[in-house]
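Here is the structure we will look at.
Order of writing sets the labels: A, B and C. Residues in every chain begin at 1.
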C-alpha cells in the first residue's frame, strides 16, 4: 500500500460569496502520477490553488508531510516541499530564462547535471537562455514553467495543464519529461484536459465535476472504459487524439 | 556540481529605447524655443536637477506599488520627515555647515542625508506597520488610511518643530555657479544631478545583479508566483517600503536645500508631480520613473521660462500626451 | 408623503431620526429664536457641507470611486456665481448665468476626466484627479485677473438677499434678505438631498452598488460600468457645483482657501468616513457633528489646555491647533474599526435588534445588493 503524500478531507473553498469546492476528498499516493480530470469549471485549478494556499480553504483538512496546510501561508507550503506549475505558467517575462530558473534553484546555484538534463529535454531553453522570457512562444514558456519546477527535487509537484496551448509536436517533449519523472518515482498531482496525455502518464484518476469528486480509480480502469469516460468527462477517448 | 548558469553562451536581448528618445527630443525643442544657448543650459540643468529629486522621491512609491499593489497616498510624510531631520542634523553641525571648505560642507551634507534617510526609514517602518499592513488588497481603504497617516505624521512634525517657516541656506562651498563656456550651471544643481545619477545607478545595480533585486523584479510582475516558489515576500516588501521611504527622505533634504525654505507642507508640494511622474512612467517601473521624472521636469522648466503660468499645466499635458501614446505608461510592467 | 420625499430611504434608526429631525427643526427655527448670526453661519455650513459630502458619497460610498477633484467642482460653482456677479453686476440673472456656465464646465470636466481614466483602476483615477485638482487650484491663483488670485473675490448679491431688504416680520422677528438667503440655501439643500436619495434608490443607484461590489460581475450582467461611472461622476460634479454656488451666495466672498484647499478635501473625507459611507445620511449627521465640533470643541480644548497647561506632554497634545492631529487619529481608527460610520453603526444596531424581535419594528430594507436584485 503506497503511502499518501497528500490527503484532502472535506475541503471546501469559497471565493468571495461563491462556493466553489464542496467537500473534496482524495489522496495522492507517493511515487505516482495522479491526474485530476474534469470539464472546464469543475474546480480542478481551484483545488490546486487551495492546496498551495493561494486560496484559503474554508473547511476541511489538507495533510502533507504530517502537517495541515490549510492554515499555512503559500511560501511556507512551498518550502515544505511542494512545487507549483500554474495554469498561467507564472513566468516572469521581464526576467531572462536563466533568471527564471535561478529563482527556483536552491541558494541560486544549479545542479549542473540536472540543468543539462532539463536543457536537453527542452532545447529552446538553452537557445534563449539569456533572453527575457517574454520573447518565448507559449509552448516555450510552458516548458520553462515545468523546467523551473523540476530544477530541484520536491516531494510533490502540482502541475496545472502543462500541455495547454502547446503545439502537438512539443507535447512529446512534455511526455518525455514526465516519463522521466515516473521513472524516478516522483509524486505528481496533474490537472489535464488532454486525455491522451493524462492516460498515457497517469497512474490514478480523480474526476471532478461542479466542485465535487465524482470518481476516483486507477487510470487503467478509466482508460479502458469509454462509456464511463463519456459519462464523466463528456468526451470519449480517441486513439488519434492530439 | 553547482553553477550559477552564467557559463552558457550569451544570447542577448532587445531593449526599448523609444521612450528615452523623448528626452533629447524635448531638449532639442527647448533649444529651438529658448533665445540663447546659455539660457538653455541653465534651464536644462535646473530641469535635470529637479527631475532627479522627483525621481528619488517617486522611485520608492512606484516599486512599492508594483510589488504589492499598495499605493501610499501618504508618501509625502517621508519627504517632510527627512527634510526636518536633516535640518536638525545641520543645526547640530554648524561648524561643518558654515565652513568655507568644500570637504567640510560635503561631510555636513552627508550627515544630513544620512539623517534624512535614517529618519525616513524609521518612519517608513512605523508607517508600514500601522497604516499599510492592515489594508492590503483594499485600494479604497489604502488611500484613506495612508492619507490619515500622513496627516498624523505632519501634525507630529508640527508639534516637534513648530509651524514657523525656516530659512535653510546652502553651505558656502555649494553656492555659486560653475562656468561652462558662456553659460553657467549652479553648483548645487550639479551636485543634485550627480547624487541622483549615483542613486539611480545603485538601484539599477541592485535590481540587476543581486538576488534581492531579482526577487523584486519577479515580485513586481507576479508576487503570487514568487511566494509559490517559497520566498517570504512580506519581508521583501517591508524592505522595499522602508528603502522607498529613506529615498523620499533624501529627496526631501535635497529639495529643501534647493528651495531655501522649510515648512511642514513641503511634502504636499512635490507629491502632485510625483504622482504624475509615476503614472506617466508606468506604475512599478523604475526606469520609467527615471525617464518620466527628467522629462516632466525639463519640459516644465522650459514652459516656466516661456509661459510662466502654464508650468504645472504643462506637466499635466505631458502626462496626458504620454498616456494617449502608451496607455500604461512609458515602461509598462505587463 | 415623507416616504415619497425621502424615496423610502429612511434614517433607519430611532436615534438617527431624532438627531436628523432635531437638526432640521433647529435649522428652520434658528432665525426666529434669536440665536444670532454665528449660529446661522454654522447651520448654513452644515447644510452646504451635507450636500457637498453627500455628493462625494455618491461616488465613494455607492460606486466605490475616490475623486480628489471634488473640491474643484465646489470651487467652480462658487467662482461661477462670484465672477458672474462681478462681471455682469449683482443680480439674479448674473448669478444664474455664472452658475449655469459653471455647471456646464463641471459636467464637461467630469466627463473628460472620467473618459480618460475611469476605464482604469480606482488608484489611477484617484491620482489623476488629485493632479487635476492641484493644477486647477494653481491656475486659479495664477489667473488673478479673472479669479482674484489668492485674495479671492468679494462680490455683491441681489438686493433681495441683503440685510437692507426688509419685506416683513414673522413670529416677531424682522425677516431680512439674510434670512431669506438662509432659507433659500436651506430649501435648495433639502431639494438636492432628496434628489440624491432618489438617485441612489433608483434602479440606476442599485446598479452602482452592484458595480461597487463586483464590477466584473456587473459588466458580465450587461451593465456598462464605464457609462454608469461617467454618469455618477457628472451627477456628483453637478451637486458639488451647486453647493459651491450656494456657498458663494451666503459668504459673498470666495477664495481658493475657502473652496479649493486640500483642507476642504480632507474635511470631506473625514465627514464621510466618520458619518458613514454609502448612506447619504452619514453626510448629514457627519457634517452636523463636524461643524459643531469644530466650533465648540476648540473652546473645550482651549479650556482643557488652560486647566492642564502645566503638564508637559498634555500641553503639547491638547492645543486648539492640534485639532487636526486628533481628527487624523479618529479618521484612521474609523477606517479600521468603524468603517460603516456613525450612521451605519446605528442602523446595524437597529437591524440586529429587530432580528432579535426586541421591538415591533420591521426590518429596514437593506441597501446592499443581493443577486436577486441584479
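Quick notes on this one:
Operating definition for what follows: a residue touches a chain if its C-beta (ideal position, glycine included) is under 8 Å from a C-beta of that chain, and two chains touch if they have at least 3 such contacts.
Being a predicted model, the structure only gives us computed values, none of them experimental.
In this view the innermost chain, defined by its CA centroid being closest to the centroid of all protein CA atoms, is B. Chain centre most remote from that of chain A: C (centre = mean of CA atoms). Centre-to-centre spacing of chain B and chain C amounts to 35 Å, using the average Cα coordinate of each chain. Chain B has its Cα centroid 43 Å from the Cα centroid of chain A.
One finds 54 Å separating the Cα centroids of chain A and chain C.
Under the contact definition stated at the top, not a single residue of chain A touches 2 or more other chains.
Taken in their complex, chain B has these residues touching chain A: 1-6, 8-13, 211, 214-215, 217-218, 221-222, 224-233, 333.
On the side of chain C, the complex with chain B involves touching residues 60, 64, 66, 116, 121-124, 126-128, 130-132, 134-135, 138-139, 142-143, 262, 266, 269, 273, 316-317, 321-322, 324-325, 327-329, 331-332, 335-336, 339.
The residues of chain B lying in touch with chain C in their complex are 65, 71, 73, 131, 134-135, 139-145, 147-149, 151-152, 155-156, 158-159, 163, 268, 272, 275-276, 278-279, 283, 309, 312-313, 315-316, 319-320, 323.
Residues 52, 54, 73-75, 78-79, 84, 86, 90, 92-96, 98-99, 101-104, 108-113, 115, 126-132, 135 of chain A touch chain B in their complex.
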